[in-house]
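In the two complexes that follow, chain A is the common piece, with chain B as its partner first and chain C second.
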Partner chain A sequence: MKTDKDLVSINDLSVSFNTSAGVVSAVDRVNFSIRKKEIFALVGESGCGKSTTAYALMRLISEPGEITGGKIIFQGQDLLSLSRREMFNIRGKKISMIFQNPLDSLNPVYRIKSQLSEAIVLDKISKKDAWKKAVEIIKEVRIPDPEERANSYPFELSGGMRQRVMIGMMISRNPQLLIADEPTTALDVTIQAQILEIIKDLKEAIETSILLITHDFGIVAEIADRIAVMYAGKIVEIGEVFQIFEKPCHPYTQLLMGSLPRMNKKEGRLKTIFGNVPNLINPPIGCRFHERCPYSKKECQEIEPKMEEVEKGHLCACILTRK
Partner chain B sequence: MINNFIKDGLKNKTFCVGFFIFFSVLFIAIFADIIAPYTYDEMEIINKLNNPNQQHLFGTDRYGRDIFSRVVYGSRIALWVGLIVVIIESFIGISLGLLAGYYGGITNRIILFITDLTWSMPPIILALAIITMLGPSLNNVVTSIAIVSWAQFTRIVRAKTQSLKNMPFVEAARAFGENDFNIIFRYILPNVMPSIIVITTLALPSAILLTSSLGFLGLGAQPPLPDWGVILYNGIPFIRKAPWITIFPGFAIAYTVLGFNLLGEGLRDILDPKLKI
Partner chain C sequence: MKKIIEITNLKKYFSIKKGLFKKKIIHIKALDNISLDINEGETLGLVGESGCGKTTLGRTILRLIEPTSGSMFFKGSNTSKASGESLKELRKKMSIVFQDPFSSLSPRLTIRTSLARPLIINGVKRKMIESKIKEVIHKVNLGAELLFRYPHQLSGGQQQRVSIARAIILKPKFLILDEPTSSLDISVQAQILNLLLDLQEEYKMTYLFISHDLNVVNYISDRISIMYLGKLIELASVDEINTNPRHPYTLGLYSSSPILSPKYRKRKKIVMSGEPGSIIDPPAGCRFYPRCPYAKDICKTELPQLREIKENHWVACHRAEKINIAK
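Presenting the complex of A and B:
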């Protein structure tokens, strides 16, 4: 599965949180890799560990969380073996991240211009050039009135503009991987479309790979190349977008697809998935989805399914698909 | 930003009164040489214990020194000591607060322990103990007050830092490769600044009060320096015969401390309404 095309490959990554109630294994032996110049979407419901995976990639897991195992191979080196100091050179320069909440993602006490140039100056460019480049970046992310906006404080901008500034800031140093952690969640639908458009275009322009974290299949269908579906700290299915949308093979993916609102079908109520997300302090033995799965069998409660190829490039972790 | 600040300031009466008093004390301290008709240690034995009159506005003490001039010059000592104390204690307090809040863990525990330790002792007693050790002088007063009262800065800066360090913009800064030093000084400190300004203005009057108290007890500024506490103490034996010796420096202390407190409270309402001190 490993090829030269891979930019990052994550092998058996586990992250757990030590809470007073017990150890929560938020991410459990996750494997996937992101190819060069692709948009890779990590999909799943709240609390399934998708953001935690992204934070682990940046080595930004903070107390009480801890990366308990695995490897993150980025351009031939294991990020988990680097020192704190070496990570400063990776973050921003090679891997950047856009966050969920654009409203609080900018430092409230500085003007947009000085914040952008702050990010650029890290690359040892003179202050004057950095300011010039800052205005260019604002232009690039399609904010009207770039000169004037550059002199604004964050509170004077709308949420969409702030997210655009954020995107501009994160791509200003041409990272090879951009992590977008639900970049459009806090924005309304028209702005969402614009932001996605910008992300897509910039990806072409600076030839970066994007790890898109979302719970919105609509966004995924629109811009992603490949998808990984995550459930309760594990990846249950990986494949190309068309493979997952046409032939979802894991029952969880099928149910998720079934619960999407459709324009062309007349249905009464939206379908939902029965039950709740399992408690990750004591995750269910066997397949983690067996309690909610309509096809569940006795074996599902005993055997932990492995990722197996169902067709080329399409992997699935369910014992029912084996036949 | 600054225009808004002035607009808010004019609307806030507490702030206006406080600012006026602060400014008047500052003015008196700067132009003490012009305002005071005599020097602070000029003695006219013939005119000892005079009533307040045209020549001596606040009367004279037992050596015939002019109380008005002494009170005016006293403002210099009060402000100067207050200023130096606040600079030292805010430096110690802010650095420790930032370290404890940002790094957490064992650093936090150790700093919190020391903070609680100084916090748990009555400031005047601790200051007395330190001065007795170092010997009475104005410099030692500064040292002891700074040692006694830096903890208030640490507590508030630490709490603010802890909440700021989890703000998305700090996380974003980390994500684009800022190191700890930059995050502390460019992201956290500027956002704690409003609270620091407020605590500073409130720390100043307590420093002045403590200086006067130590002066009154004979451990601070040594005669003939016109520390307000010293003048007050010198007036005690004559409190029935010549009450003006104690009344005027006492009034000066109250006026200054009240002014700074009002200023601090006004600033708090303007800059940081949620801050509780």
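Presenting the complex of A and C:
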């Protein structure tokens, strides 16, 4: 189902970590593609491999982790076959990434403007012009008193402002893909709303695609166009936001949706999922969810389900939902 | 309705020394004239952004933080003056579950030892300890085999169950839940919320549920109170807060909070500009004044008092009746 609207397509990507206890297959033959100008959300609970997938896309997996297979086709070339130098030119210029805690991502001893211009000067722009552009970017991400703020150090800014600076830095070179790893988790709701507005507006303004990594279904419901749900290193369901929220097809997605507090206790208890996430050193054979699945059959323990289309644009990896 | 907690004009000021010779004393008004009643058997949600004083309020009620002034009553007895034996007696009846279960359990004690601690401190007979621990661990749906493990050997959800078990082992009547699910995954969050509802029914407990997640608070609460910069600004039933919020901040907060269903994404949102000011030097008049789209001159100079604008609906806003909040 590859189309020319795709910006990135990830084919059979696998990542594993060699630990003293054994090989952890954190991401196992994952397939998805991100279209141009869309917000694609990769959701799942902690440890499901969503951040690892994003780091692999940036080729930022480090020891003891290793990309063990697959292809990442970005604008016609496989990112996994590029040299380090070529990858360096893609990172920040064509694909950039914002992280959960903006204070960890900013250097505490440099002023905001010098950190912002550091990326801009890579595009052969003079330092003076880069500083001017830095102030413009600060204005674009709606920080009040941009001139004054450009001269501040990170610790002088609030959490919301720091995250805006990060977003500004990452969009300063107009990337085609912006990866946002839990961008608002550390922020308060009113600030989160402001940041989400900025992300949405910038997406329109610079025509970028966004890969949103989050565990927060609220944010996904607000801004995502399409969603992929991950469980234990596998994608179990992909679809448009309405398909996933209103007609979830994989049992795991259905249970997750039922566990969201969307009502008052007067209307009943929340759905829960029995058991715990499996150990990925020896993941269950067959469907990785079968031990916790209320509909599990004998085949589920033997056959590994493939992603199949259940309706247009809606794929699901469960043998029970096969037409 | 019987009241279990009555708080009147509660203040907590933290003072910090500033200036070259540390002579200038600045007061941080973490709780500023809070008056609040909690009804027996209910779950009162307490919402607000970080730094608004919600955790300080919870801890002050338990006297983990000493109040600066004001009075607090638990079932008619004055807790703000209690000390020694009477304070120990009160703390048997009131308990707390913290946000991060891992840091609130001692890493060097087994789960069993952690659970036995409150029993030993309160002089429960040795023979009874074992059976009480077995009973409580069963109540929080954990197996007895976990008793001899250490906190790091448990998952986040299991750790939070242990924290809950420890909090309820003396059968308290009032439990403060300080963001008990915010460090957990959503499926685990659902398990913990269900568990809290079951325990509340069984032991007839009253909950003060502190959270910044409006979806969770809307689910678990009977009434909701909202704080902003050390002030209580609105208090009403869940339905009333959701359908008829009267304080502009409440409106902004509910409007900014993501709804867990994409069909509402096109709703008219009020994205509040600016950020909460500082508690150190709060604006004179209404503390929300600098961010309020409905502010008038009076809001700048005069501090609005919490008043009942409708039965059981309390708001601290000069213009609560006048502003037309279109949803």
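Methods note: the second predicted complex is superposed on the first by the 314 of 323 C-alpha atoms of A that agree within 3 Å, B and C clash if a C-alpha of one lies under 4 Å from a C-alpha of the other, contacts with A are read in each partner's own complex, and residues count from 1 in each chain.
Quick note on the criterion: contacts are C-beta pairs under 8 Å (C-beta built on N, C-alpha and C of every residue); 3 or more make two chains touch, one makes a residue touch a chain.
None of the values given here were measured: they were computed from a predicted structure.
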Given the alignment on chain A, is it a clash or a fit between chain B and chain C? fit
Of the partners chain B and chain C, which touch A:L280 in the superposed model: first, second, both, neither? neither
Touching partner for A:E197 - first (chain B), second (chain C), both, neither: second
Rounded to the nearest 10 degrees, the Cα-centre angle chain B-chain A-chain C in the superposed arrangement comes to 80
In the superposed arrangement, which partner chain does A:L157 touch: chain B (first), chain C (second), both, or neither? neither
More residues of chain A are touched by which chain, chain B or chain C? C
Between chain B (first) and chain C (second), which, if any, makes contact with A:L122: first, second, both or neither? first
With the two complexes superposed on chain A, say which partner A:L177 touches: chain B (first), chain C (second), both, or neither. neither
Quick one: is A:R269 in contact with chain B, with chain C, with both, or with neither? Answer first, second, both or neither. second
Just chain B (first), just chain C (second), both, or neither: which does A:M97 touch? first
Of the partners chain B and chain C, which touch A:M166 in the superposed model: first, second, both, neither? first
Across the superposed arrangement, the tightest C-alpha approach of chain B to chain C, in Å, is 9
Provide the residue numbers of chain C that touch chain A in the complex, in ascending order. 49-50, 155, 185-191, 193-194, 197, 212, 214-216, 218-221, 238, 252-253, 255-265, 269, 271-273, 275-276
With touch defined as at the start, can you tell me which chain A residues reach chain C in the complex? 45-46, 158, 160, 188-194, 197, 215-219, 221-224, 241-242, 245-246, 255-256, 258-265, 269-273, 276
Provide the residue numbers of chain B that touch chain A in the complex, in ascending order. 104-105, 167-169, 171-179, 186-187, 190-191, 193
Interfacial residue positions of chain A with respect to chain B in the complex: 58, 60, 63, 88-93, 96-97, 99-101, 104-110, 118-119, 122, 166, 169-170, 173
